[in-house]
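Both of the next two complexes hold chain A, though its partner changes from chain B to chain C.
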Partner chain A sequence: MATPYVTLVAPFVDYGFMRRALAACAALSLGSGPIGVLLLLRRMSLTGDAMSHAVLPGAAAGFLFAGLSLWGMTVGGFVAGLVVAFLAGLVSRNTVLREDASFAGFYLTSLALGVLLVSMRGSNIDLLHILFGTILAVDDQALYLVGGIASASTLILAAIYRPLVLECFDPSFLRSLGARGSLYHLLFLVLVVLNLVAGFQALGTLMAVGLMMLPAAASRFWSRRIGGMIGASIAIALLSGYAGLLLSYRCNLPSGPAIVLTASACYLASILTGPRGGLLHRLYAPRPLHP
Partner chain B sequence: MVELEDLTVAYGRRAAVRQVSGRFEPGSMTAMVGPNGAGKSTLLKTIAGLLRPYRGQVRIHGMDRWRALAYLPQIAEIDRSFPITVADTVAAGAWRRIGALGGVTAELRQEVADALATVGLAGFGARSMDELSGGQFQRVLFARLLLQAAPVMLLDEPFHAMDARTTADLLALLQRWHREGCTIVAVLHDLDMVRRHFPQTLLLAREVLAWGPTADALDARHRHVMEPMAVDWGAEAAYRPRAGG
Partner chain C sequence: MKTCLAALLALFLSILPAAVRAAPLRVVASFTVLADMARQIGGNHVQVRSLVGPNGDPHVYEPTPQDGEALARADVIVVNGLALEGWMDRLIRASAPHGAIVVASNGVHTLKLDEGGTRIPDPHAWNSAANGIVYAGNIARALIKADPAHAADYRARASAYETRLRALDRWARREIGTVPANQRRVITSHDAFGYMGAAYGIRFLAPVGFSTEAEASATGVARLVDQIRQTRIHAVFLENSNDPRLIEQIAAETGVKPGGTLYPEALSAAAGPAPTYEAMFRYNIETLLRGMQAH
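After this line comes the complex of A and B, so read on.
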């Protein structure tokens, strides 16, 4: 009999791999929820996407040297992500290209390089694993890593939250106070890469950014406050992780896409029904009378 | 006192402001005027420490620069759709006191509420900045200036596109700060307002054309600079040559 318990809870009680996957999703939601909101507010949504691709060649290089080793691919991905972020920033500051264009250039290069590196040694299965992740294969070691990154990211973000928000809202004011806006920006980029590397363990390089940006974009329709947006973003990410895993278990779907598609469904639902500028809300809101 | 020594500021290889020397005396109230592209904002940003001069320097006597100066950016440079609360925006004025990690105490919260009351926005603390009108937005930024409590205020077009009521209220606030001994430098376009309320004027067109008492600086000698300004800014800043002037 399909009682609510059997449908909604039992898989996580019965199977260790489902529990670990859920825990990994929860950690990812808490870590990357706020990061996604800040990326969104800084109009850097595509930067997150570009950086997730940039992680790939590093992870692939780690794979080339150490096989499917957690630490090899993590360190490789982190270094590659930072290098691309740094180079893209350098190009946009010193040439005519704007940041989005220079990021696009670098991430396309990274993606091609990454795929090339993996196929030099691995199989197509390995490639799929790196690109799209295998959250159901998250072991204790990976779980510690994801949890550790999420915790560190949350603490660091708490420490630099105020200047980061100020720099985003009114950059020249922050600089007029003698604060080092660029330093906070740099730290923030490090956090973005760290969270993408954590997400890569569970969702793969291409899907990791989904759990970061989709809930963030949806959160704008639920709150007019940064705090509220962060809360909404974390809640939506948690829901997506849970529902996505359940869906993947019940319908035998690949888990990464199931989670990201659930987040997409939340995003679409928010566009339609969100109380802060959602479409339905606009349609039925009292209109001002025209004279 | 703020002293400019042979200040040249360049964007790339183009000099935006050339060889500006002079001083803003303590307690002076100066309007910075000039045609579009004259380098007014550039000069103000350089004084505020946002731009590095190509040559020359800005000297602040008797105080740490970041404490001495409060800077009001042009409203167009701020993301007005940003979802931050009014109270948080004003509290940012206390940055030199609380930095990135210091707590917002009950005392500071009271100070924020008082500052909001002073600019005519009592009770607005919990609102979001993206709900405010342009005039209300500018009032909040003035409240932030209040919290900075700096002896020198640099304001970039504080009254641009403001309604008459807001302009009058904020101008009264500037005059109060002036009476209390603040040094005020404001980039302005409305020459009538400058004549009526600003004792000193710096007339800038990439270099200093005149810097001194307003009546002298806005003299008919500089009509060739001021007439195009009046055309650019419409009737609001109408240049009215005096009879026989």
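After this line comes the complex of A and C, so read on.
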């Protein structure tokens, strides 16, 4: 009865909402996989988290003016994320404050402002829906948006890939380029915000970062090369989206957390078994000869 | 001079209690349905404040300091009970009110909901007009006890209100009775109409459980899609205090048109279609009727 087809494929054939959710996950994986790896390598892993909170007041403002409108919340979230990224970058480049500290300052401000704005509207439940999202309720419009952002993000990233990669290994590289370096850095932050806004439509602001950073962190254990890491990150994100949805369908679990927890499981498995510095590998691999 | 002052003071003190009594009774209700009931029964003698506003969700709410202050100063506090307002208990404990606390659902025959394997009481008891009468009785008794001077007024208004609710109950029974039994199946956002379903013979199905806090699982949504396809349910409804996206998605998937917006647990603003409990009940039944008959 439980043939592989019934278990693994049938839910996506039978239900449009499962297909949509899977398509949204796939687009998110392709878009934010590389971004996550670059954030990781530039030691900005927590920046993604900070930015996801920074998106909230914009989404809330969009929500106040236009209700649960896709475009209102997306444009609002994007603008708010950009403002925070820009201000934090400005402060860290022109004052004694380091980037992480200035990000912390601005994103906390932004988060509090977001909660305030959401609470101003009578219907307070919506805060939870903005924070946690509803991947099962992705409609055509949201799907086009997520797909469009993933495509744009991939193209822009391809254009600025080289300087960003160089920056990963030489943190002063972009600064040495002067104005052009700042432009690359800013474009990269724009991509982070874009992908988070896309993810927030499907998974909510809190869970969107999970699909960006967990596969990226896991990919570190599968490859030493950036290209390999990006490939592994995308693959793990795709797998998490698919397996998470299936898990949600089979075990009656909420879908967003199921997807992110699957990504967490991949992360833990990678720490243990990954061939590049995984724990088991370290225990049983022959020790290097030099002291 | 001293005696003059003392006389003034005595005069002032003798006026004070009378002045206090003349001020309206301060009633604080947790959400709009209860606030409206208190207003209907209390009339000019009460000043009612609802903590959760119109179109607000009573399951989750972030209270403001003004809410705490209103609770602390309230003469009567009306809550639904049955674990509807989880945030309310903490707020009451924190603001240490002196007023009497009325649990409006006291004495209602509670239905049970299956929530993740455990059976819990369904809090949305007001969605049957017969229960609304029980609510009104509890609120009336509390007002009379807190303000015995106007007991006759409260009794008269409560009895008129009860008559209106009884007529509403009969009307709903009659109208729903005209719909063939196999068409009385509808889909709503969350399990908020159990009492209405039991009282008037409608089957309500929902993708999310009793509380709006929950996130839907793919299993739940798939089961609902199957149910709509197999039983040919034609009536899918949105809720005013709830995220409509999931229901819209389910409607699109099954080709069913959403039949309108129901008001399960929050009144509309004064200009909306459901500014009072009676209007809300009537509007919900009428919307349901249109949805169940149309196809």
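We adopt the following convention: the second predicted complex is superposed on the first by the 276 of 291 C-alpha atoms of A that agree within 3 Å, B and C clash if a C-alpha of one lies under 4 Å from a C-alpha of the other, contacts with A are read in each partner's own complex, and residues count from 1 in each chain.
Everything that follows uses one rule, which is that a contact is a pair of C-beta atoms (placed from the backbone, for glycine too) under 8 Å apart; a residue touches a chain by one contact, two chains touch by 3 or more.
Please read these numbers as outputs of a predicted model, since none were measured by experiment.
Asks: Which holds for A:Ile271: it touches chain B only (first), chain C only (second), both, or neither?
Replies: Touch status of A:Ile271: no partner.
Asks: For A:Ala104 in the superposed arrangement: first (chain B), second (chain C), both or neither?
Replies: After superposition on chain A, A:Ala104 lies in contact with neither partner.
Asks: Could you look at A:Ile226 and tell me whether it touches chain B, chain C, both or neither (first, second, both, neither)?
Replies: A:Ile226: touches chain B, not chain C.
Asks: May I ask you to decide whether A:Leu41 touches chain B, chain C, both, or neither, giving the answer as first, second, both or neither?
Replies: In the superposition, A:Leu41 touches chain B alone.
Asks: Could you say whether A:Thr134 touches chain B, chain C, both of them, or neither, answering first, second, both or neither?
Replies: Touch status of A:Thr134: second partner only.
Asks: When both complexes are superposed, which of chain B and chain C contacts more residues belonging to chain A?
Replies: After superposition, C is the partner touching more of chain A.
Asks: Where on chain C does chain A make contact in their complex?
Replies: 52-57, 59-62, 212-222, 225, 241-246, 248-250, 252-253
Asks: Can you list the chain B residues touching chain A in their complex?
Replies: Checking each residue of chain B against chain A gives 45, 48-50, 65-66, 69-71, 73, 77-79, 82-85, 88-89, 92, 95-96, 100-101, 128-131, 144.
Asks: What residues on chain A touch chain B, complex-wise?
Replies: 41, 159-160, 162-163, 165-166, 168-179, 223-226, 229
Asks: Touching chain C in the complex: which residues of chain A?
Replies: Its residues touching chain C are 11, 14-18, 20-21, 68, 119, 122-126, 128-129, 132, 134, 136-139, 245, 248-258.
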